[in-house]
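Chain IDs A, B, C, D and E follow the sequence of writing; residue 1 opens each chain.
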Amino acid sequence: MLEPLHVSLASLNIVTLAPMLIAIVGALSILCIDMIKGGLHKSFYVMVSLLFLLLDLGTVIDFGNIFLKNGPVLGMFDMVLVDGLAIMGQIIIVAGSMLFIALALTSKRFHEYNNPEYFSLFLFMIAGFQFMVATDNLIMVFVGLETASLALYALIALHNRSKSFEAAVKYFTMGALAAGFFAFGSMILYAITGAIEINQIASILAADHYANIGYVLVAVSFLLAAFGFKLSMVPFHTWTPDVYEGSTAALAGYMSIVPKIAGFIVAMRLFEFLVHSGVVWLQVILYVAVVVTMTASNIWAMVQTDVKRMLAYSSISHAGFVMAAILIGTTQSNTALFLYWALLSFTNLGAFTMLWVSRQKNLLPGQSSDHPFEKFSGLIKTMPMAAIMMGLFMLSLAGIPPFGLFWGKIYIIASAVSGGYTVLALIMALNSALAAYYYLKLIVFMFMKEPITEYGKHYLTNASLSLKTIIGIAAIGTIFAVVAVNPLLKVITLFVYNSGY
Amino acid sequence: MEITLAHYLVLSGVLFAIGLIGVMRRKNLLMLFFATEILLNATNIGFAAIAHFHNDLTGQMFAFFIIAIAASEVAVGLGLLIVWYKRTGKIDLDIMTSMRG
Amino acid sequence: MEIYLYIALFAPLAGSLFSALFGASPKTSVTGIVASGLLFISFVSSAILLDYVMMGHTVHVEMMTWIAAGDLYIPFGFVVDQVSVVMMMVVSIVSTIVHIYSIGYMDHDKGFNRFFSYLSAFVFSMMILVMSDNFLGLFIGWEGVGLCSWLLIGFWYHKESATWAANEAFIMNRIADLSMLVGIFMIYWNIGSLQYDVVFAEISNLPMPIITWIGIFLFVGAMGKSAQFPLHTWLADAMEGPTPVSALIHAATMVTAGVYLVVRANPIYGLIPEVGTAIASLGAFVAMFAATMALVNRDMKRIVAYSTLSQLGYMFVAAGLGAYWVALFHLMAHAFFKALLFLGAGNVMHAMHDELDPFKMGGLKKSMKFTWILMTLASVALAGIYPLAGFFSKDLILEVAFVEQHYVLYTVLLLTAGLTAFYSFRLVALIFHGNERHLKYGIHPHEAYTFMLYAMAPLAVLAVIAGMVFKTPYYQMVTHMLPAIEYHIHNHTTFWIMTIGTQLFVITAIAYAYKKYAKAVKVDTKVESGFFYQLLYNQYYIPKIYDELFTKPYRELSKVAWKQIDLKIVDATVDGIANVIYRMGEKTHTMQNGNLSSMLRWMVIGLVVLLVLAIAFTVGYNAVTMRAM
Amino acid sequence: MQEHILSILIFFPALAAMLGFIVHKDSARAFGVTVAAIEFFLSLWLWHLYDPMTSGMQFMEKAPLVAAFGINYLVGIDGISLFIIILATFFTMIGIASLTETRRVKDLIVTLLFLEMTMVGVFSALDAIVFYVFWELSLIPMLYIIGAWGGPLRIYASVKFFLYTFTGSLVMLVGMLFMAYFYFQATGQWSFSLLEWYRLILPLNFQLWLFAAFFLGFAIKVPMFPFHTWLPYAHGQAPTIGSVILAAILLKMGTYAFVRFSLPLFPDAAVYFMFPIASLAIIMIVYTAMVAYAQEDIKQVVAYSSVSHMGVIVLGTFALNVEGISGSIFLMIAHGVVSGALFLLVGVVYDRRHTKLMSEFGGLASVMPRYATIFGIMMMASVGLPLTINFVGEFLSLLGFYKQSHGFTLVAGTAIIVGAIYMLTAYKKMFFGTVTKEENKYLKDVNKTELLALIPLVVITVWLGVYPKPILEPISKSVESIVQLMHDKAQTPEAQKRIPNLGNPEVKNSQQETH
Amino acid sequence: MFEAIAFYLFAALTIGMFTITVMTSQALYALTAMAAGMIFISAFFFMLGADFLGVVQIIVYTGAVMALYAFGMMFFDTTRTLVEKRNNPRIIFILGVMAAALIVFILVSPIISTHLEARYPIEAAFGNSQAIGMILFTKFLVPFELSAVMLLVAMIAGIVLAGKKMDKSLTLMAEEEIALMSATQAPKDTEEGAH
C-alpha cells in the first residue's frame, strides 16, 4: 500500500496562496451576502469588492517586499511561483481591477450591476488571473486561464443586450478553440520533455540541445496560436473589436489591460527562454507577428467609425507593440513591458471611462453603435473639460510626450535599439505615426467640428462623482506620469532582473 | 506489431484535425461546441498515451483537468447559447453579424 | 572735416524722413523746400570736403560696426577721397537742382510729399554708395539706389507700364547684384576683408585667375546698374518714372554707379588688362548699339535714355582701357548735360501734357524759349562740340582709344559720336522747330515755372564750362588716386586732324538732322517699313526675345512647378502614401466580417501557417545539420 | 530667481494658461496680452542677465526626471537660443495683441500661451528627451489653432501638418535613443544630456545613419524640399496668428536643431552630407521661389517664400563655418520677424475682405497707403535689401557657404533674384494698378491695433538691419564654440579640412575686443 | 497483438464517430455520434492503464456533458435538420487536411529524448486510481481546488445566464417596472438562489 506522505506545512508555503484566496473569499462572501439579504445597492458590492481587492493588493505588495529580500518563492508543491513577474503582474491585475470595478458606479442603471453575481464573478476572474501569472505549471496556467475566461464571458453577456450576447458567444467560441490549441501545444511539450513546468521544460530542452526541434516548433506554433488569441495578435485578433463593441466600455477597458498582462506574463515565461536559446524560427515568427499586428491593426483602426472599435484596434496595436518586448527579451525590454503596461492602464482607463460616461441606454435612430465619432463632434464647445480630458488620453495613447504612454514607448524602443533590433525600433516608431492618425481623428471631431445637437444631450449623462474621480485619477496619472516613471523603472527593473528575465 | 506512442499521437492529431474541420464548417452553434469538445478529447488521448509511455502520471492529471475544463465550458457555453436563443430564436451563427468592420 | 562728411551723408536722409512724415498727407510744399534745402546743405558740405580734398587730404571715418561674425568685420565706414568727392559733388549738385526743379514739376501731383521722400532717399543711398569705404557698404548703396529707383519708376503705380518697368528694373539689377555679391564673396574669402584699402593693397598677391574672376564678377554687377548689354532693357523702360527721376537717377547718378565701381576698383582692373579690354569692347558696342536705337525712336525720353546708355558705353571704354580718370571725368560732364537734357524734356512734357512722341510736337521754341535754349545747349554739349563739356570729356575718350591703339574701338566711338549728334538734334529739331503739330491735339504749351528754369541754369552753366574749367584741377586732384596717364596724341598733325575731323563730322550730323526734321516731317514709309528701321525701332527685338526666352518660360515653368510638380508629384506622393495606407485599411477591414465562422477560420489559418513554417524550417534545419554531419 | 529664470520663462505661460481658463472670455485677450507681455519682459531680462562674453551655456538648470534612464530636466541657453526665445515671446505678445479673431478667443489665448511654453522649452532644452517633449508638444496647440480657427480645408491641413511632422520626429526619436545607447555603451550610463553627447566621437558609419535619422525629423519641420508640402496647406488654412507663429518660430525649430544636434554631434556626417543637403537647399530656394511666383493667393506666396528662405538658412548652417552658421541663425531671427510681419499683413487684408486671392485686389496702394508702405518695407526686407534685417543673415549665410563651394553659392544666390521676382510681382498685383473692385474702394487702412503689432516689427527690421551687433555678437560667439567643437571632433580628413579650426576662441575674442 | 487490434478498432471507431459528429447535418446524429466517440475514447484510456481517467471520461462526458447537451437540444428544438450555408467549403477542407497532414507528419517521427524521467512514475504495485488520488491531493491540490472554483464559476455563469434574470433588461426598464417586478418575483428569486 501507499506510504502516507509526510509533508510539512512550512514547506508548503500556503501563504503564497493568500492573494488568490482573498479574492476567492471575497467572491464567495458576496454570494453569501446576496443570499442573506438581496437587493443591495451596487455601491455596496463595489465597495466590498474594492475592500477585498485592497487586501489582495496589500498581500501582493507584501510579497513584493519578501521577494526583494529572498528571491522567488515556490509554494504548494511548486505549483505556485511567486517571482518578480508574478508580483508585478498581480499588482497590475489587482490595481487595474480596482480602478475598473469602480466604474460600476454609474449614474445610470445597467443590468449587470444589479446582479451581485457580477461582482462575485469579477473577483473569481481576478483570482483566476492571479493563479495564471503566479505559476509556471502549464496546468495551473490553463485552469487559471479558463477560470478567468469563463467568468469574463459571463460578465460580458451579463450586460444583457443582443450585442453583448453576440460578443460573448464569439469570444467564448474562439476561446474554446484557443483552449484546444493550448492543450495540444502543452501535450507536445509534455511529449518531448515529460514535464509541464516551464522552467523544467526549458532545462530539458536545453540539455537535449533542442534535438526535437520539429516538435518544439509545432508545440510553439500551437502555444503561439493560443496566446495569440489571448493577446490578440493578428490573425487571432478577430474577436477583439467585436467583443469590445459588444461589452460595456468599462469592461472593454478592463479587457484591454488585465487579461492581456496575464497573457503577457505567461508568454514571457513560455517564449523568452526559446528566444534566448536561439530558436531562430521563433525570433522570425515573433518579429513578423509583432510587425504585422502593430501595422495591420493600426491600419484597420483608421477606418473605424466607432470610437470603441477604434480603441479596440488600438489596443491590439499596443499589444503588438508590447509583444516586441518579449521578442527582444532583454531585462530592459521586459522592464519596458511592465512600465508600458502600467502606464497604458492609466491612459486606457481614462479613455474608456470617457466613453463610459457618455454611454446612453438606447441607440438613437440612425445610430449603429454606442460611440460613433459623431457623438464627440464639437465637444470642446459643449463640454470643454470632457473634450480636454478625452483629448489628453488620445494624445497619451498616440505617444505624445510628456503624457504617460510616451515614456513607456521610448523605453520599449530604447530596449529595441539596445537589443540590436534597430529596424524593429524604426517600425515601431513609424507605427506610432500611423496610430496618431486615428487618435487624431477623434481629436479632430472633438475640437474642430461643430456639435451635433442630438448627441449633445447624451454626453456625460452617465457620469457620476466616482466616475469623474476616476477620470481625474487617470488624467493625473497620465499627465504626471513622468514623475512616476523613475521609481517605477527602478522597482520594475529590480523585480524583473531578480526573476531572471 | 507494436503500438507505439507515435500511433497514439497520430490518432490524437487526426482527431484534432477533425475537430478543427468541425470548428470551421459548423454554422450551428451547438454543433460547433461539439467540435470544440472533440479538440479537447483528442488532446486527452495524447496526454494519456504520453503518460503511459513515459510512465508518468502528470499527463493523466493534465487530461483530468482538461476534462474538468471541458465540462465547465459546456456549462457556460450552453448558458450563453440559451440567452442568445431566447433573444433571437436561432442558434445559427450566420445571423450573428451585427458587429463587423 | 568729419562733421561735413556726416552732414553730406545724412542731410538727404533727414530730408527723406521729413518728407516721409507727410507721406500720407496732402501736398505741402514744405517737404519739397526742406528736402531741397537739406540737399543744398549736403552740397555745401560736399563742396567744403572737395576743397579739403583738393588740398591733398582725405577723410576716413568709421561710424560703427555693422556686421561682425567670425573673421568678418564690416563697419559703416566712409571715405572722402579724390574719387568719391567727385561723385559726391556730382550727386549733390544734380540732386539739389533736380529737387528744386521737382517742386515745380510735381506741383500738381498727389504724391508730392512721397516723391520727395523717395528722391531724397535715393540721394542718401547714392551717397552711401560713393562714400563707403568697403565693398559691402557700396553694396548697401547699390541696393538702396535700386530700391529708390524701383519706387520712383513705379511712382505712378496706377500705371501698369510704370510698375512693370519698376519691377523689371529691380529684377534685372538683382541679376547683376548676384554677380557682385559673388565678387564680394571671392574678395572676402581670398583676402579676408572687404575694406578698400586692405583689398587693394593685397589684391596683387592673389593668383591671376582669381583676380580675373573677381574683376569679371564685379563688372557684371556694374553692368546691371549701368544697364550694359545684355542687361540694358530696363533703362529705356524706366522712363516711365517722373522725368526728374530720369534726370537724376537714370542719367546723372545711379546708372553711372557701375562706372564708379570700375573706377573705384581700378587697382583690380589695373591687374587684368584683358578684362579691361573686354569691358571697353562691350562699352563701345553698347555705345553704338544704343545710339542706333535712339535714331528711330519716337519717344522723347527713351531717346534720351538711349543716349545715356550710349554715353555709359563711352565711359566703360575709357574705364576698360585704364583711363579711369577720363571715365570719371566723362561721368561728371555727362551728368550735367544729360540731367539738363532730361529736365528740359520734362518741361516739354509738362507743356505737352505728358505727350512723349516728338512727332506730335514742333515749333515749341516760340512758347518755350528758355527750354529750347537749355536743351539745345545740352544737346550741343552731348554732341561734343567745342568748347562745351562734352567735347572735353568725350573726345578725350576717342583719344584714349586712339592712343591705346584700339582703332576698332576708336572707329566705333567716332561713328557713334556722329549718331549721337544726329539723334540729339533730331529730337531738338522735332520738338522745337517746324510746325506746331501739337495744336492738332488741342494742346497749348506754356513755359515751365520760372524757378524751375532758374534751377536748371546752373546745370546749363556746368554743361558749358565743366570741360573747360574743371579739367585741369580735376586731373590734378584725382590722379592722386587714379593712374595718371595723359592721353595726348603726340603728333600734332594727327591731333588736329582728328579733332577738327571729329568736330566736322559731328556738325555734319547735326546739320543733317536739322535738315531732315526741322522743317516739315515727312514720314518715309518705305524706310520705316524696312527691316533695319523696324529692327532699330523694336530695339533689336531684344525685349521681345527676353519676354519669349525668359519671362514667359519662367512664368510657365513656375506654373508647372506648382501645379504639376508640387501638387501632382511631391504633394501627391505624400498624400498617396497616406491614401494607400488608408485604402488598405478600407479594403482589408472587411476581413472582419463579423461572422464567427470566418473568425474561427482565421485562427485555423494562422495555426496552419505557423505549422507550415515550423515544418519548413525543421526540414530545412535538418537538411543543413545532416549535411554538416 | 535668476538661477531659475529659464524655468520660470518656460512654465510661466503654461501656468498662466491654466489660470486663463477661469478668466472671463471678454477679458481673455487682455489677460493674454498681459501674460505675454510679462513673459516678453522676462525674456528681455534674460537678455540683460546674459553674459555675452561667454560662449558656453548659461542659466543651466538640472533636475532629474527619470534618473534611471538618464533623462534629466536640463535647460540652458547660449547666444543661439537666447534670441530665438526672445523672438518667440515677442511674437506671442504681438500676435495676441493684434488678435482680430472673434470666435472663442479664450480658447485661442490659452492655446497660444501653451504654445509659448513649448516654444521656449524647445529652444532652451539641453536634454534630448526634454527637447523632444517640447518639440512634439508644440504640435498640439498648432494643430488646434489651424484646425479650429482655420479656413475651409483646415482639418486636412492641420492633420497633415501634425502627422507629417510627427512621423519625422519619431524617426528622430529613434535616433536619439540610439545616441543614448551609444553613450550607454561608451560610459555604462544612460544619458540624454546634449552636453554629454557632445563629448562622444562616433564612428563615421554610425554618424551617417544617425545624422539621417535626425535629419528626417528636422527636415520635415524646416520644411526642406521635398518634405515641404504640408506647409502651404498649413499656412493657407491657418488663421493669421497661427501662420505668424508657425512661420516666425515653429519652422525655426528645425534649423535650430540642425545647429544644436546635427552639427556638433555628427561633424563628419555633416561634411559628408553637406553637398546633398546644399542641393536640397538650393532646390528649396529656387524651386519654391518659382512655385511662389505661380501662386494666386498672397498667403501662399508668403508661405512658399518661407520655404525658400529656409533654404538659405539651411545652406548657411551647412557652411560649417562661423560666418555661415551665425548668418543662418541671424537669418532665422530675421526671417521670423519678416515673415511673421508679412503674415500679419496678409491677415490685415484678409480681415477686411475675407479673401486672400491677389486677383481680388489691385491698387491698394491708393486706398491703404500706410498698409502699402509697411507691406513694402517688409517685402523689401524679405527680398533681402541691405540695411534690413534679412540682408545680414542672407549675406552671411551665402558668404559662409561660398567658402565650401563656389558653384553652389552662385546657384543659391539666385535667391535674391527669384525672391525679388515673386515678391515684386505679388506686390504689384496687390498694390499697384487701379482699384477695380468696388469692395476695395473703401477699405480701411491699418488701424491702431494692427499698427501696434506692425510698427515694432518695422522698427526691428530696420534697427537690426542697421545695427545687428547686439544680436550677432553673442550668436557669433556661441557659434564659434560649436565650430571649434566640430573641428576638434572631426575625424575624416575631409571634415578636418572643411571645418575651420578657430584655435582658441577665448584668446581671439579678447583680441577682437581690443580691436 | 491484441493491443494493436484494439487500437486500430477503436481508432477507426472514434475517427468514424467524430467524423459523423462533424459532418452530419442532423444534430441528433451528431450528439449521438459524439457520445459514442467519447465512450470509445475511454477505451483508449483503459488500454493505456489510465483507469481513473477512463471512468471520469465516461461519467463526465457521457454522463454530464452529453446530458447537458441533450437538454440544450430539447430547449433549442434542433432535432429538425438545420440548413447550414457554407460559403467556401473548399477552404475548410484544405485547411483541415493540411492541419491533419502537418500534425501527422511531425508526429510520426519518434520522440527521442534522453532526459526524460518519470517524476510521478506509474507503479503497478497499486492501482491507478490510488496513485491518482495520491498526487491529486498533494502535488495537484491547488489546481484541483482551482478547478473547483472554475466549476463554481461555470455554474454561477450558467445559472445567471440561463436563468430568468436575463429575460428582461434592467438596463432598459423604467424604475417603476423594476419595483413591480422585484415585488412579485422576489420570493421566486430567493428560491432559485437557494437551489
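FYI, contacts are C-beta pairs under 8 Å (C-beta built on N, C-alpha and C of every residue); 3 or more make two chains touch, one makes a residue touch a chain.
Everything numeric in this text was worked out from a predicted model, so none of it was measured.
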| Partner chains shared by chain A and chain D (touch criterion as defined above) | C
| message | For chain C and chain D, which third chains touch each of them? | response | A
| query | Whose Cα centre is nearest the centre of all Cα atoms in view? | reply | D
| field | Label of the chain whose CA centroid is most distant from the centroid of chain E | value | C
| said: Using the stated contact rule, I'd like to know whether B-C or C-E comes out ahead in C-beta pair count. | reply: B-C
| How big is the gap, in whole Å, between where the Cα atoms of chain D centre and where those of chain E centre? | 69
| request: Mind checking the centre-to-centre distance between chain A and chain C? Centres are C-alpha means, answer in whole Å. | output: 77
| So what's the Cα centroid distance for chain A and chain B, whole Å? | 26
| task | Would you mind pulling out the distance in Å between where the CA atoms of chain B average out and where those of chain E do? | result | 6
| said: Among all residues of chain D, which ones touch two or more of the remaining chains? | reply: 163
| said: Where in chain C do residues touch at least two different other chains? | reply: 589, 592, 594, 596, 600-601, 604-605, 607, 611, 614-615, 618
| said: Can you list every residue of chain E that touches 2 or more other chains, as numbers and ranges? | reply: 91-92, 95, 99, 102-103, 106, 109, 111, 116, 118-119, 131, 139-140, 143, 147, 150, 153-154, 157, 160-161, 166
| message | If we use the touch criterion from the header, which chain pairs count as touching? | response | A-B, A-C, A-D, A-E, B-C, B-E, C-D, C-E
| task | Could you pull out which chain A residues touch chain C in their complex? | result | 169-170, 173-174, 177-178, 181, 213-214, 217-218, 220-222, 224-225, 228-229, 235-236, 238-239, 241-242, 280-281, 285, 296, 299-304, 434
| field | Interfacial residue positions of chain B with respect to chain A in the complex | value | 5, 9, 12, 16, 19, 23, 29, 32-33, 36, 39-40, 42-43, 46-47, 50, 54, 56, 58-59, 61-62, 65-66, 68-69, 72-73, 76-77, 79-81, 83-84, 87-88, 93, 96, 98-101
| note | The residues of chain B that touch chain E in their complex are 1-22, 24-28, 30-31, 33-35, 37-38, 41, 44-45, 48-49, 51-52, 54-58, 60-61, 63-65, 67-76, 78-83, 85-86, 91-92, 94
| note | Within the complex, chain B is touched by chain C residues 589-590, 592-597, 600-601, 604
| Considering the complex alone, what residue numbers of chain C touch chain E? | 601, 604-605, 607-608, 611-612, 614-615, 618
